[in-house]
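Below are the structure tokens for one structure; questions will follow.
Order of writing sets the chain letters: A, B, C and D. Residues in each chain are counted from 1.
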Amino acid sequence: MSTVFEWEKPLVELEDKIKELRTFITDQGIDFSQELTELEHKAERLRKEIYEKLTPWQQVMMARHPKRPTTDDYVKLVFDDFIELHGDRTYRDDQAIIGGIGVFEGEPVTIIGPQKGRDTKENIARNFGLPHPEGYRKALRLMKQAERFHRPIIALIDVVGAYPGIEAEQRGQGLVIAECIEQMSFLKVPIICIITGEGGSGGALAIGVGDRILMFEHAWYSVISPEMCANILWKDSSRASEAASLLKLTPTYLLQFGIIDDVITEPLGGAHRDHNAMGLQLKAFLRRYLTEIRKIPIDELVAQRLNRFRQIGQFQERALPNLEKDGD
Amino acid sequence: MSTVFEWEKPLVELEDKIKELRTFITDQGIDFSQELTELEHKAERLRKEIYEKLTPWQQVMMARHPKRPTTDDYVKLVFDDFIELHGDRTYRDDQAIIGGIGVFEGEPVTIIGPQKGRDTKENIARNFGLPHPEGYRKALRLMKQAERFHRPIIALIDVVGAYPGIEAEQRGQGLVIAECIEQMSFLKVPIICIITGEGGSGGALAIGVGDRILMFEHAWYSVISPEMCANILWKDSSRASEAASLLKLTPTYLLQFGIIDDVITEPLGGAHRDHNAMGLQLKAFLRRYLTEIRKIPIDELVAQRLNRFRQIGQFQERALPNLEKDGD
Amino acid sequence: MLRVFRSKPKYVTVRSSAQQQPSKIDDDQPERAKKEVPDNLWARCEKCSTLIYNKEMEKTKHVCANCGYHFRIPALERLRFICDEDTYKPFTPLVATNPLGFPGYESKLEQTRINTRLDDAIVIGTTRIHGYATVLGIIDFSFFGGSMGSVVGEQLTRGFEYGIKHRLPVIVFSGGGGGARMQEGIFSLMQMAKTAQAVGKFKEAGLFYISILTHPTMGGIYASFSSLGDIILAEPNALIGFAGPRIVEETTRQKLPADFQTSEYALHNGMLDRIVTRGDMKDVIGKLLSYHLR
Amino acid sequence: MLRVFRSKPKYVTVRSSAQQQPSKIDDDQPERAKKEVPDNLWARCEKCSTLIYNKEMEKTKHVCANCGYHFRIPALERLRFICDEDTYKPFTPLVATNPLGFPGYESKLEQTRINTRLDDAIVIGTTRIHGYATVLGIIDFSFFGGSMGSVVGEQLTRGFEYGIKHRLPVIVFSGGGGGARMQEGIFSLMQMAKTAQAVGKFKEAGLFYISILTHPTMGGIYASFSSLGDIILAEPNALIGFAGPRIVEETTRQKLPADFQTSEYALHNGMLDRIVTRGDMKDVIGKLLSYHLR
């Protein structure tokens, strides 16, 4: 996978030109500062043009950028200290989900999140960030531990979906997702869920029930991946781009629908362009929302959490019962 | 394995002779009633002589008698209705432990217990009654279900031990036994544990924490099987008989030690000689103790349960601290 | 008596395949329902290929007398098998909207409502079973593959809430192919949380929930309310799982086990309490209710 | 300062085996302790066979500098590595009786007490670790293989009760070969329940328990208190399991995996939170205490 997307190419070319020009200026000592300023303005305009008008499919691509920070990058960038804890105490330590205790601005929190690899070797160890049931069981175990010790939970979500494998099915992928969703809903600690990249289906929702649900600017969250949606609609995964549009999976829509609470803006051009800046941004949002929900008495917070999901859904009452009307 | 033990042979021969004589009387119409009465008296005396003075090792053999009723026999004999429930909701349905809901004298109860096979085929399916971790997880799941619905729990224990296999170790045999013991201890429902046959080590204790702990007359309960004990002491499993004596694993001793509450007498010659009588006997004991503990408020009952185990142990305070005295 | 009990049974599929496997369900495939052929005189067993006279099927509750294969049946048909006569009262009917503005969804909804004579993929109300009052919900596969959109999520949630309010048990028969109603996008996904939470509150109230999985119970239906029963039963040979078998095969490039994702496989793997035939189902439910409602 | 901190370290085993596996522990084998050779100048690493000068071993906390192999160490030695100086205060010492009248048990106890200068297989008291007050218990393998009889069970129970009373965390280092004290028969078995219940009450009180597994943690020790930590740590390459490897091999007639029942195996199988080297142990404990004691 190339790290430069097709639609970024004009910009990247321009940026390369600017770089060249700078080198030229330094090497030759000739004054091209006016030309440089002009080019830089042009690049600035282009950047806004490109990144502020991404199509839903481009959003999905951005969320999958190979240089995009992964969960453990955010752990390093945002928390002062972190001790990873392993295992579901039942079957396996699933490296596709990491979890542990970190310190956020002086206070311990429990952090969980799917973890993609940065290279092939790590990707194999981490199953490309696709969790098995034991990954969710680990997450649930650590979340219950957090509850026992009154620690807030931060769920960093970046997952295409739960792994669709034979063993995963055998060991109850569906059942464990259901258990995660149910039990997370009632935990008596503040929970912040942040979709940092991909938010795919039940595999994301399994660790996505919280008091505040935030989403990165270039993240997506959907009931089904665009590829699979296209496959079902048109038997053609390559039409994922169209499906992405239909699914309304971008933060703008999801904010509008009331599914998420806020959008965490990224450095222009995406989180991968500046990990540190992204970390600072995430930290600021975490600080704000954690402070906010810590003030709410815990029983009220849980009631609000449940009420939030209770309200989601659009339907109408039908005037006349079909059965009486249509029976033969 | 023969169904007649060595020490029973004189009795069995006598019983055979009586049977023959009866046939002879019926066939020939000759009056041998006096001889018959005499022989029957002799058999009666012999029976008492043999079965009331069993050595600890003979006790172990009785508990392992191939015709001895198994858990599902008792389920049929004692309960009016039973629906078996399966699975640990995590990994497997372990057929070495059965569990479900039964009706005892009109009231629903949860029943769990290891299940031996009656023939080779069934023994293979049931792993000779040696549970894997998932068997204990199933038992725990059903016990927690019982708690949720305020049903008493009846644990029928007949198990040489938890299965010492590679996969069992892999999937946390030790950890799951610990979890069973801990969680069973705090269940807010009345629990009666009955060692019906073998009570081997942690594999038995895992489902052996209750408010009343009863034991069949020819059952054994020990920290280690006599064979393994002999193996450790003398590197010779064939000296199990000696080890059985050392371990004091019979109900008489265990009653004396305060480990069990009562001994359920068996038909003379063992439970296998009369399944129905054994069932009635078990039913009577269950009725008595269930009535007794149902009357105790549940919080008090749990407190008593914990206190019971808290008190077990024999030790002395040492007068002078070693460290100060002996340090160099 | 409600008219539903007099409506003719509709046979779900008539196929000539003799495969030993339950029919493969496409993920999130709502098209399947179209294949129903309501007025055939004969049905062919999907498992053993026996031809069965439709009149006979009514007697056997749509189970092949030869091999025990359980045909998929409409929710309204199942009501007849489960409810005590004249006791079923439906909840206020709800119909779906089109929250994403998904192209063609409204017209397809309209058409499906006409074809199936259902409001959405769930039939739900109160009833009595062997005399025990209960909430009963049944997912119908013929409506968008039995997928859970806002209506199914809301109706189930109302079911559990009704149970809490009136101290009634809840029984739900699941049978949804892909689980999610793709056309409702994120709203569909959120119904998983909503229903799971409804179950959670119901359990907190100390009440009893039986979940019964019928062919097929997949995806978001399996990964929410239907996995959370105090007791989980299944009909024989139902397809039960999270990811669809085709997806698993494509992802792993492995041959699937012969019994992959069947009820029997789920039972073996510890995920089910029992497999219960359609013929025994009402009595088993009655028994379980009797144990839990004293 | 307690004299224990000045006592000479005793090396546990000096062996020439170069096996990659941790040494196999016989089930319920209390004889192993005899093999200790306290006054050797050199120790040979059990894993890589490197010869290590004993003075060097003190600096490395009895870890092979070449391969990281963790030698078994006496409980009193471990106290020095874990406790803040001058902070350890032992509980009232208890000694075993002979409840079964097991032949030879009393004299063997007497002899072991003399040899090990321990009262029983546990060293337990209160201490501070990086300033945090805590209850600390350490099982010592050299006393009847680190097995749990009435004394170990009672002391641990008192430890958790002390923790409840004074709102202190509890830290226990386990290292028992067979787990059970065979000579105390059923009384030994019941200590599993007693200690597990003590942990349960301690957790109900909302307090924090770290269980640390060292070579070997087997049988009834592993199947009770030591599996019930809020956090479970282990030293590298420790033997951890329920049934002894020899028993498993004899029962199954299968070749055991190379890493069978090692810490690394337990971590992979989801049974451990972390493997922590002896060198890092105190700091990791300090960190965990800091997270849980606010």
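Definition applied: contacts are C-beta pairs under 8 Å (C-beta built on N, C-alpha and C of every residue); 3 or more make two chains touch, one makes a residue touch a chain.
It should be emphasised that the depicted structure is a prediction, and the values quoted were computed from it without experimental measurement.
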item	value
Touching both subunit A and subunit D (chains)	B
B-C or B-D - the one linked by more C-beta pairs in contact	B-D
Longest centre-to-centre distance from subunit D, chain (CA-based)	C
Intercentroid distance (Cα basis), subunit D paired with subunit C, Å	53
Chain centre separation in whole Å, for subunit C relative to subunit A (CA means)	32
Inter-chain centre distance, subunit B versus subunit C - centres from mean C-alpha coordinates, in Å	43
Shared-contact residues (touching 2 or more other chains) in subunit C	269-271
Residues of subunit A touching at least two other chains	89-91, 137, 171-172, 175
Pairwise touch network: line, ring, star, complete, or other	other
Listing of all chain pairs that touch each other, if any do	A-B, A-C, A-D, B-C, B-D
Subunit D - residues contacting subunit A, complex	203, 206, 208, 230-231, 267-274, 284, 287-288, 291-292, 294
Residues of subunit B defined as touching subunit A within the complex	89-91, 137, 171-172, 175
Subunit D residues within the subunit B interface of the complex	2-4, 6-8, 26-29, 90, 92-97, 99-100, 102-103, 113, 117-119, 150-151, 153-154, 157, 178-182, 184-194, 196-201, 204, 218-220, 222-228, 240-244, 247-248, 251-252, 254, 256-257, 260-261, 265, 269-271
Subunit C-touching residues of subunit A, taken from the complex the two chains share	162-166, 168-175, 177-179, 181-183, 185-186, 201-202, 205-206, 208-209, 221-224, 228-229, 231-233, 246-249, 254, 257, 259, 306, 309-310, 312-318, 321-324, 326-328
Sites on subunit B touched by subunit C in the complex	81, 83-94, 101, 103, 107-108, 134, 137-138, 145, 148-149, 151
